[in-house]
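Quick heads-up: structures coming right below.
In what comes next, chain A is part of two complexes: it sits with chain B in the first one and with chain C in the second one.
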Partner chain A sequence: MNKILECIELTKKYANNFCAINQLNLTLYSGQIVGLLGPNGSGKTTLIKMINDCLIPTGGIIYVNGNPVGIHSKEDISYLPDVLSLDEHLKVEELVTYFNDFYKNFNPVKAHQMILDLGINPSSRLRTLSKGTKEKVQLILTMSRDAKLFILDEPIGGVDPASRDYILHTILSNYNPDATVLISTHLIGEIENIIDRVLFLQNGQIILNSTVDEVREQHHKSVDQLFREVFRC
Partner chain B sequence: MLGKLIKYDFKAISIPLLILHSALLLFTIFSRFFVFNHIDYSENNPLSLFTFLFVLLFYIGNIAISLGTYVIIALRFYKHLFTEKGYLARTLPVSSLSHLLSKTIVGIVWGFVNTILITFCTAFVIFTPSFFKATNLIGGMNVFFQVFGFHNSFQVAFFLIATVILTLLSVICSIALIYLAIALGSLFSNHKILASIAFYFVLNFAYSMISSIVMLPLFVKSTSTFESIRNLPHLLFSTYGILSIVIIILSTLSYFVIHYLMDKKIDL
Partner chain C sequence: MTWNLDNSRSIYLQLMEKIEKDIISGVYKPGDKLPSVRDLAVDAAVNPNTMQKALSELERNKLVYSRRTSGRFITEDETLIKSLKKSLATKNTQDFVENMKQLGFSKEEILHLIDELKENEDE
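For the complex of A and B:
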């Protein structure tokens, strides 16, 4: 297993002195599905955005597959943000072409097949589709890459249970087992059975970094139960 | 990668801009043949109220289309890099410099097209047969050039080419100013658009002041004697030269600042 993600003394402080991420140290290895869990405002999205060069860290450094955040790290990361980031005036097939144009590891055949499996007309403009379908298109494009690190920010929040099952099935059946998947969510019960490792994030720091089996053995609880106990209001 | 970015940036804004400029062309043709061709430029025929209002409408329409062009260019830069769409743009394996270059190139092309088209449309509606007959424009221009020191057609041609180059440089500077205003406005956590508009007016004023201060000594020296005024080519070429240098310096500095802000300071 090699290091796929390394965060060293990572810090993000905002102008009002609020510290969203506080000297965070984290190493992830290849070939794992990792759940990044924490209550609202714990810093999950902030951490993810810094890894993806959408936020500038105040301090510390990030390495992805040995490269600092930059062009090479973006080639290795496939990122699903928690908002719709696609150009809605483009057609679905044009979005496939767009991804194929910019990402060397994008598989357009796989993307087309998943789009057709969902019954989406590739000639439809994205803005004509429902919110849930747009999100599925975005997920399909993300998972159609042969990336080394998949980062999915709240992929199942805000969708119906059937869609959640589809999303989780798509994630599991389309990622390379040698790759790492980092899923950020607060719906722990839905992902507990698919993740290998769990990270608890609170007030910008990691307070737990264990495998799911270790959590169950040491705490005699499921990850969901431990989460509710640790982050009790 | 830069070529691909340019392709998609052109694709994103070309349709609305083609529609705008097609409307301008159609309006120009309509104006020329149904209004301006019927204007009698001889001394004793004042414009009718309808004609006056239509001329005003034409002028306002040109301004609106020019404004619309730059708003569309600005919105593409802002939305694609500094809003939710930035989550895709900024995670592409391309540098922030490539993003900036792509949007600059596309903005300059359309800004230049807009300037040339508006100039052409204005000339097309004004220079009617009646206008030429009443003003003896060509004869007048020959006299003008001779009186003010243009000795041959080469100098006139050079002056026209220099005007086109200066226009292009002005477009480059306009785009730089818009993008810099947006980049500075994006530093704010709230009211980014309002901040960007405010920065635009401040920067516009600052750029104008700098140009005026730099040009002042030349203007004073060049208009101090009647002989120096009559040497128009020298005055124009000096003015153009210094103005071009000022524009190049301001634009270059602006693009350096924009790139620095995009790379090091602006969060999504």
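For the complex of A and C:
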């Protein structure tokens, strides 16, 4: 088991002095599928953006596969942002070519297979597709890289239940003991069986870091039920 | 094959129970090769590490054994399978009797009910 992600005393303060991430320590090892869970505004996306070098931390440091965040970490991380980040004028097949040019570890065969499986027309322009289908395309591109750390920010929010099953199936069948998958989502029940570790984030700190079976053994309830209890409004 | 996992109990225990049931009911025969951890995990839609843990536990209970390079196999010890079947049957019967007692049935009434059911089936 290698350390894939290490955050040490990580802090992010925004301009209004709001502390989104507060001295957070976290280590994730290879071979894990991890759920990053927390109520709205708990800091999930801030944390993810810092790991991806999209936000500069106020304090602390992040290592990805042993390297500080930078050029090398971008090669190791495959990131699915929570917004559409692709050029909507391009065709699906052009996006595959674009990603293939962009990333050394991109596998176009895998991408085309998934496009076929999900019945997406490769010659459609992205802007002509529905919201859910756009999300699927973006997820396909993300999952088609042989990365060390996959970071998926709300990957199944906008897609129908049948496609959700396919996406979760894709994450499982791409399982690689050398890589780590970090999934942020509110659909806990949907991902509960496929993750082995769960993180609860509250006010910028990790308040729970344990395996799904540990949660069930200690609390005699599902992660979903525990979440509703811990974060009851 | 459906796995039907419930929400409050450990996932690995439920996976063990399912595979045990498949061994007892003959879905897997003694000496059969089990699918790979990865294939079983994808089929059950669970994390591969959780499936790995379930199989390791089954191995500890001697219900499956692994051959270094060729994978995991169901035990050929039929006495072991029989005793597992017996203990599972006992457990199910105990649960049933306990539930019936909670409903206020005596042992005689329970037996009577079972006879009645049996007659209905025979007709």
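The definition used in the following text is that the second predicted complex is superposed on the first by the 231 of 233 C-alpha atoms of A that agree within 3 Å, B and C clash if a C-alpha of one lies under 4 Å from a C-alpha of the other, contacts with A are read in each partner's own complex, and residues count from 1 in each chain.
To be clear about the criterion, a contact is a pair of C-beta atoms (placed from the backbone, for glycine too) under 8 Å apart; a residue touches a chain by one contact, two chains touch by 3 or more.
Just so it is clear, the model here is predicted, and its values are computed rather than measured.
S.K.: Given the superposition on chain A, are chain B and chain C in a clash or a fit?
M.R.: fit
S.K.: At the CA centre of chain A, how far apart in angle are the CA centres of chain B and chain C, to the nearest 10 degrees?
M.R.: It works out to roughly 160 degrees.
S.K.: First (chain B), second (chain C), both or neither: which does A:98 touch?
M.R.: In the superposition, A:98 touches chain B alone.
S.K.: On the A-aligned overlay, A:127 touches which partner chain: chain B = first, chain C = second, or both, or neither?
M.R.: Touch partners of A:127: none, neither chain B nor chain C.
S.K.: According to the stated criteria, A:52 is in contact with first (chain B), second (chain C), both, or neither; which is it?
M.R.: first
S.K.: Could you tell me if A:228 is touching chain B, chain C, both of them or neither one (first, second, both, neither)?
M.R.: A:228: touches no partner chain.
S.K.: State whether A:84 touches chain B only (first), chain C only (second), both chains, or neither.
M.R.: Once the two structures are laid over each other on A, A:84 reaches chain B alone.
S.K.: On the A-aligned overlay, A:75 touches which partner chain: chain B = first, chain C = second, or both, or neither?
M.R.: After superposition on chain A, A:75 lies in contact with chain B alone.
S.K.: Chain B to chain C: minimum CA distance in the overlay, Å?
M.R.: In the combined three-chain model, chain B comes within 27 Å of chain C at the C-alpha level.
S.K.: Using the touch definition up top, name the residues of chain A that touch chain B in the complex.
M.R.: Going by the criterion above, the answer is residues 14-15, 49, 52-56, 70-72, 74-75, 77, 79, 81, 83-87, 89, 98, 101-103.
S.K.: Chain A touches which residues of chain C in the complex?
M.R.: Touch residues, chain C against chain A: 5, 7-12, 38, 41-42, 44-50, 53.
S.K.: Can you list the residues on chain A that touch chain C in the complex?
M.R.: For this pair, the touching residues of chain A are 31-33, 165, 168-169, 172-173, 175, 189, 192-196, 212-213, 216-217, 220-222, 224-225.
S.K.: Report the residues of chain B in contact with chain A in the complex, numbered from low to high.
M.R.: Touching chain A: residues 1, 4, 8, 12, 84-88, 90-95, 189, 264-268 of chain B.
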